[in-house]
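To keep things simple, chains are lettered A, B and C as they appear, and every chain counts its residues starting from 1.
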Amino acid sequence: MSIKLELQNVTYYYGKGTAFEVKALDNVSFAVKERSITGLIGHTGSGKSTLAQLFNGLEKPTEGKVLLDGADIWDKKYKGGRLCFRVGLVMQYPEYQLFEETVFNDIAFGPRNKGMSEDEVKQLVMDAVSFVGMTPEILEQSPFDLSGGQKRRVAIAGIMAMQPEVLVLDEPAAGLDPAGRADIFAGIKRYRDTTGASVIIISHSMEDMAEYCDDVIVMHKGKVMLTGPKDSVFADSDKLVAAGLDIPQITRVMRLLKENGLDVDASVCTKDQAVAELIRAFKLK
Amino acid sequence: MAEFIEIKNLHFSYGKEESKQQDDVLCGVDLTVRKGEYVAILGRNGSGKSTLAKLLNLVIDDLENASGEILVDGVNILSDDMTEDMAFELRKKVGMVFQNPDNQLVATVVEEDVAFGPENLGLDPKEIRRRVDEALDTVGMSEFAKREPHRLSGGQKQRVAIAGVIAMMPDCIIFDESTAMLDPVGRKDIVATMEKLNREHGITVLTITHYMEEAVRADRVVVLNHGKIAIEGTPEQVFSDAGALRAAGLELPQCAQLIEELIKSGMSIKECGITPEDCARIILLAGGATCQ
Amino acid sequence: MKNIALGQYYPARSPLHRMDPRIKLIIAVLYIVAAFLCKNLLGFALLAASVVLLVILSRVPLKTVLGSLKMVVFILVLTVAINIFLTKEEGAEPLWSFWIFEVYTKGLYSALFIALRILSMIIGTCMLLTYTTTPIALTDALERLLSPLRHLKLPVHEFSMMMSIALRFIPTIMEEAEKIMAAQKARGAGFTEGNLIKRIKSLIPILIPLFASVFRRAFELATAMTCRCYRGGDGRTRMTTMRMHAMDIIVLIVSVAALAGIVSCNYWNIGYTL
């Protein structure tokens, strides 16, 4: 698979030159593949949220390059069009940015800014609503009358309606109950499968990462600690534990089993993999 | 242990009498919490769990729509004789910690904020000082006493909010989704603090959440669905009833799901493991039995 | 944005920092009165000396003090110029004249005095109040000083509570505004293009969510305050009691004496008098 988005030796300072100067990112390099779902993990303050704003050009790296389809987005000769429409960013608690009188108008805000015709806008809104698993009846309601989980989905639809080639989501399921979380992740997967976009999910939840991502990037203190396909990253769970990061609960169980002499693969991180592995180990059936 | 909170046939709905819809938020809740107990109330969004919490402190719109009884320390707080002074006494006994840490801190300095409650109680300045220092120590925030709250992390802010409640020396603290906006580190901190308050300080703890993992350490788990109690029991009992949990819109902790799958695959497991440690122990035990 | 400084509080341990904020407030008022009453050279000399004393006592670096004057330089230059060029002295020879401008001795003095008056007022009150007293201590001091007005049914406590909540939430809401702005930018919103009406319209996607959020915060805060047994100022005590120390009394007496000195200079007519 070819590379969609790439960071090369990116360093970023907050408040450069002031008394409050903080080095948020330190020589960060990684690549996000086309059509992949990549998880970005790390503690609060590890630089994850800063990365989100670098991806779509809201912030400029102090040093280093951000490449989209191989083109440097901060190069004077960059001709890729407005970045926010190519790299869509869903910020934390996006429901707080809803402002229109109807759900339709709110979702249409992005496409209209993109300069689409009303017919196109209508189609994009319909598509976005179906990505997040909602029905068109909701379009005429006020976004302020919806439940928390519904508002969240409408806000995400607002970004999906711009049909970005890269969709970045910062803690998309934070604070939602299990059903709400499942809805959100199903919507993200549907968007990737239909449009072929690359998706980057920023999250604290190792379980969600293990479940939904193809690749994982682990950030620690402004640096990339681990990167690669999720199995290889979770196989390095010693490193994660040493850095004080969580590992998926399933991986923890498997590690404990291995420590107790059971011959299992301790890098397993999803429930289905674990069940298969244990059936093999115990020679069930 | 004596009953501290007794809820009898509690009904509640929002909105005016005439426009009252059929869907009550709470429809016939019966619940008893004993002094010193640690109870987790679980439920999906919209199950009525937060409404229940707010009713316990009489901080809710349309209070007149509530019917049934809520006895707190023997006083029916829903009775018509309830005065403002009695509500004040109630809030002294039952403290609340909310979801958004930002929206419950009043002062620009941490210790001033912790002092806010005791100041409202009209205590002597020296006594307030003592309580503030003690409360900050209990939540491990003493070194931040002079800091500005907006420069703290979410978990730290929430610990300050808890200190503000402890300083009022309540018998019971209700945590209304107090971990929902925190990162895993902050969440663990707050859950550990809840447990400490219950075990070491004897405070009755009522925690309202949809994170299964946080209910594991509770004495008792109550699952709310559509305004009714759907399941009630020890964490082990509740988490071994996967069907009932799913019917209530919740999901088992991952470890319990793993065991559920293994049982389906033919392993003979009778226990329910919620933490990775329990889960691994149970699997090893059952695996040994199967291999023999 | 988390680092915005409210006011110009300069954290340090100095005699001025330790003073009772109520006394500082009173002295600041006396100080302004003194600056206005000054009429002759000796009075201004006393005033200038007290400014220097305050700066030394506050332990705020001179660079910081001068830096804060940048904002008033324009006003200062303007008033000085007006005084130099527009003051006419009947029957006296102009010192210098050019076109319609004539400069007299009196003009020079009045320019000097006005400059000293503005500078000492600003530096003096900054030293006493903003640099050495936190905004919250100031609101607190104001509440306590004005508390007798309670008996006239003036909402002194409520006003001070509003002030301190505002101080508490300004950084939070600024941060929120920034977040909402970034979120709408990510949806392609532009805030700097087009004519005035278009620009005002482009603020709607920021203002509506911001207002919604402020109201939500206000409701949640009110609920949280009720749960923490808040019911207004009646029956409420405070953890920090403001206590006057011997130092405060001494400083107060010295200040009153200085004010009296400055006022009496006016009668003795020492030095140049306006």
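Quick note on the criterion: contacts are C-beta pairs under 8 Å (C-beta built on N, C-alpha and C of every residue); 3 or more make two chains touch, one makes a residue touch a chain.
Source: prediction; values computed, not measured.
Q: When you draw the chains as points and link the ones that touch, which shape shows up: line, ring, star, complete, or other?
A: Chain contacts: complete, every pair touches.
Q: Counting C-beta pairs in contact, does A-C beat B-C or the other way around?
A: If we tally the C-beta pairs in contact for A-C and B-C, the bigger total goes to B-C.
Q: As a quick test, compute the distance in whole Å between the mean CA positions of chain A and chain B.
A: Inter-chain centre distance comes to 30 Å.
Q: I'd like to verify one number: the distance from the centre of chain A to the centre of chain C, where each centre is the average of its C-alpha atoms, in whole angstrom.
A: Distance between chain centres: 47 Å.
Q: Cα centroid separation between chain B and chain C, in whole Å?
A: Averaging C-alpha atoms per chain gives centres 45 Å apart.
Q: Would you give the residues of chain C that are in contact with at least 2 other chains, written as numbers and ranges?
A: none
Q: Which residues of chain B touch chain A once you look at their complex with the stated criterion?
A: Result: residues 44-46, 99, 153-154, 177, 180-181, 183-186, 210, 249-251, 253-255, 257-258, 261-262, 265-267, 276-277, 279-280, 283-284, 287, 290-291 of chain B touch chain A.
Q: Would you mind writing out the residues of chain B in touch with chain C in their complex?
A: 54, 57, 59, 84, 88, 91-92, 95-96, 98, 100, 102-109, 111-112, 115-125, 128-129, 132, 148-151, 164-165, 168
Q: Touching chain A in the complex: which residues of chain C?
A: Answer in residue numbers: 3, 176, 179-180, 182-190, 204-205, 208-209, 212-213.
Q: Can you list the residues on chain C that touch chain B in the complex?
A: 2, 134-136, 164-165, 167-168, 171-172, 175, 216-217, 220-221, 223-231, 235-241
Q: Which of the residues in chain A end up touching chain B in this complex?
A: Residues of chain A touching chain B: 43-45, 147-149, 174-180, 204-205, 207, 246, 248-250, 252-253, 256-257, 260, 262, 271-272, 274-275, 278-279, 281-285.
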